[in-house]
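Structures follow.
The two complexes that follow have chain A in common; it is paired with chain B in the first and with chain C in the second.
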Partner chain A sequence: MSDALSEREEPTGASSGLLANDDLVRRIGEVVAGLFLAVVLGVLGWTVFSEVDPDLLQTIFPRFVTAYLLVIRIVIVSSILSVSAGIIVGLARISSSPLTSNVARGYIEFFRGTPLLFQLFLIYFGIPSLWGTGQFPISDWEIPAAVIGLTLNHAAYVGEAMRGGINAVPDGQMEAARSIGMSRVQAMREVILPQAWRNALAAIGNDQIILVKDTSLLTLISVPEIMQVFRSVNSATFDPWTPLVWVCLFYLAVTLPMSKLVGVLEARADWGSDRKSLAKRLGSRMPGGGTS
Partner chain B sequence: MSKPKPLVEFVDVNKWFGQNHVLKDVSFSVDEREVVVIIGPSGSGKSTLLRCTNRLEEVQKGEIHLDGIPITDEDVNINHLRQRIGMVFQSFNLFPHLTALENVAAGPTKVKGVDETEAYEHAQELLNRVGLGDQGDSHPNELSGGQQQRVAIARALAMEPQVMLFDEVTSALDPELVGEVLDVMGDLANEGMTMLVVTHEMGFAQEVGDRIVLMSEGEVAEVTEADQFFEQPRTERGERFLSRLL
Partner chain C sequence: MDRRSYLKASGATFAAMGVAGCLDSFTGGDGETITIGSDIPYRPFEYNTEAGDLVGFDVEIAEAVFAEELDYEYEFQSTSFDSIIGSLNNGNFRVIMSAMTINEERAEQVDFSDPYFTAYQTAVILSGSDITSKEDLRGVDVGVQKGTTGETAAEAIREEFDGELNIQSFDQITGAFDALLNNQVVAVINDNTVNAEFANQNDEVQFLEGEGEAADMGENAPPYLTLTVEEYGIAFRQGDDEFRQEVNEGLAAIRESGRYDEIYAEYFEG
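== the complex of A and B ==
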């Protein structure tokens, strides 16, 4: 009995109030999270069960696959182009020449400051109209217009991320590189950019995932992508839930591998963590492990 | 005995940061194989002078010569000249994305265009020389401050410079790591390297230094043989500086 008493005394004596008890807070968190999960799964399960038409689900699947493959292609090309262009924009932004840095700044302000949809309309409707009716030489302009729009828009965000990444590299790195005789350009390439890339990687990855979701706007310039298939199915069947299931899954089928890829790139850029120290760090976080 | 020729010469060097006159008519020279230690209270312009010596800072008036070449001349190819001037920094400034060995080999391979195999062999020799032969594969963040600073010295030596500049290289180190870095610098001095050292380590200044340059408020207060300076400085400012150390 005295044991039980002293055990009860200790936590209340040592802690000041409910929130100081870490175990209790953790428990409350788990209960809330569990309830949340149950409600979401319940509502979602019930809706899918009652609203989704399994036959239609099967019928429309091939159309979503076609749209998905197109989205993947647009994303890959726009990603490569926007990251490459963004690095150049970032470098221009920090140029010591006022002309160069201000041009880059204007570029960034314009493409960040106006909606992507406006930019897509500008390219898709605006440019061909300069030729006069029926004179524009490029057929299927919506695909190039989509790639150009996504690239120009996201190059602005990547450029800002790179600028931040470059500025976060300590001045001493440039000085050390110069002191062994590197030119400014060499020091940038060999010393500053590899470090800036690591600093900016998380922000760039984040932006590229937003790029994937931005492809949903392309439905408004007639690109036969995922939302386009939804709109077409929905207007024919008046069934929103069945095509929406595919919409959700197919977007995740682009973004999840992409965040995985970003994670791999980040791990690779995390220099100085050889296998030994990595194992050490993981081990200490594993339950039951890292007893030493 | 022929007089050793001056390798680095400061001639009436003046520098301003805005309104602030930080170097005032600084003149002295460093002979070949000589170790000159610059001391003085903080803010006296020691580090600025060192940074002007490889044009990390620009001099506004006066000249600095290396081996007769005016470093401060606008037309000089500073990238070429810097290869002949090694510099070690207070905060190491190793390249964190490269291993110790790659840090040391970076200059020779990227700047001088030395063959990779040769450069890496030489880099390994230099790491051996600073006592880090077995740490070649480590990244800077896996090394202690003292080890990092020794890699930084090896990196500067890899360019085979004519003169080495040391800018308060032990100030950022834990006290127990200072010794290993000073030892490497002492060895270097014994091997005949010309050195210009800014430091607060008076023991090192006395033991390894040939001459002491005392700076005060941007001016050279006195230039004296090391042994004599610590015995009996020539100026009143020298006496005051030493008395404050006790």
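== the complex of A and C ==
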């Protein structure tokens, strides 16, 4: 913390060159950001205006809504399952038993080290073929296959995030808890995990947003999700831009509320920390460059 | 030469080489390489043998027309079928040979050669399935490949059944066939020749029988239910007329010489 404060103590406009001038750097930043915004809005606006067919936009809307609702349902189920499973994987990973921790490690290395698409194919095409031709008992297997694939894959990432979160809790916490007579499990539950959860939350939230985007791979196992609707419309009309507009908006309609939710969870898990008040102090431009 | 002028000089050289390269490919001539876009595998039109060699009806027709008749080099580029026309128009390849049916929507985007193959949309089912007619498909799951006329035919049936048909679209036809074997769909709707190849290779798969479009049109009808009658063509970018003319002549020449029949017999009457 003292590092961050001392950086702001440098006098403005010192003799060490142009880039040390805070206000000038700020202005340059604003010009670059403004230009970027203007170019993006200009190109995007022009493209949407000239390429998008409003009638088609309306016709295909219900198809995207159907796909969106399916994606939402798959995401909710996979999210809950993968975070729950991931916590268990993370705990197994730090187990003092070599068997448990190595099994968890192998699990993580496999699911993190192979592509999700491979895992989906393994589950969707591989598993049913173990039965005889036409004997596989579960119909509409693509949906369970999708949920299983996303869950197993993301449980590995959540497990690693949890392990990181637990390791970031200082050893003294465990030692202190043990020294007042708590068992290891009890200390883990009462003392370590609440802090580890706070540490891991940002990484887990990030992973869950990636999970949303990973649903786009499900088109390859015939799940009628958002990219599938795009491909179907595009191959029938040869118009890429009109369905692309919906693809973009509908994915954002999943991920933006999710990152909001992660933000709320982070704020809740952050109780008792002085981080927010500190951030406020650092963020405000105090006259004289700020002092401690 | 300082660094800046060196960069300028080499930039100019590369630019010149680039322009020269482009000119080369526009002047055509012997041995020019034609890149052919194709959705591989689509047995028996284009697929790799176990040894990795690309073979199939389209491949041999390409060999006969482009290499033997017209003296071009050719190479196949694998691409996904649902975006193949966009890729052609984006310049990723010169022509499409991918068992592509000529239809009106596609003809608005590309120009087709003369037809080189007649195909029917058909359905394959598992032997012992309780589907015995087109009407039995009401309310079931069928598998198709994305962007194919099989998908269009399935959509037409769905319309006929007032929406009572669930279509599962796969990236490649092999995915739909796997889904049939894995009990995920009860029928696969696709071109007759490709379905026939699959049925031949798998004892537990057979055509859905019955009379259909082909019989209605009084054609030499195959012994299974035909949903539509279609013709395949080679697709060109619009405006590539000179080359298209050349290829049409090549196609006519191999029909004349009996080479076409030879290839046809190899794949469809074996």
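Throughout what follows, the second predicted complex is superposed on the first by the 258 of 292 C-alpha atoms of A that agree within 3 Å, B and C clash if a C-alpha of one lies under 4 Å from a C-alpha of the other, contacts with A are read in each partner's own complex, and residues count from 1 in each chain.
The rule we apply is simple: a contact is a pair of C-beta atoms (placed from the backbone, for glycine too) under 8 Å apart; a residue touches a chain by one contact, two chains touch by 3 or more.
The structure displayed is predicted, hence computed values, not measured ones.
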item: Fit-or-clash call for chain B and chain C when the two complexes are aligned on chain A; value: fit
item: First, second, both or neither for A:Q195, with chain B first and chain C second; value: first
item: Which of chain B and chain C A:S50 touches, first, second, both or neither; value: neither
item: Which of chain B and chain C A:Q186 touches, first, second, both or neither; value: first
item: Touching partner for A:T219 - first (chain B), second (chain C), both, neither; value: second
item: Touching partner for A:S97 - first (chain B), second (chain C), both, neither; value: neither
item: Which superposed partner A:R178 touches (first chain B, second chain C, both, neither); value: first
item: Shortest span in Å between Cα atoms of chain B and of chain C, once chain A is used as the common reference; value: 50
item: Contact residues of chain A, present in both the chain B and the chain C interface; value: none
item: Chain A contact footprint on chain B (complex, rising order); value: 54, 56, 79-80, 82-83, 85-87, 89, 91, 93-98, 106-107, 110-112, 137-142, 152, 155-156, 158-159
item: Partner chain B, residues of chain A touching it in the complex; value: 170, 172-173, 175-183, 186, 190-191, 194-195, 198, 269, 271-272, 274, 277
item: Contact set on chain A toward chain C in their complex; value: 125, 128-129, 131, 133-137, 139-142, 219-222, 224, 228, 231-232, 234-236, 238, 240
item: Residue ranges of chain C in contact with chain A within the complex; value: 81-83, 85-86, 105, 108-109, 126, 128-129, 141, 143, 146-147, 168-171, 175, 178-184, 202, 204
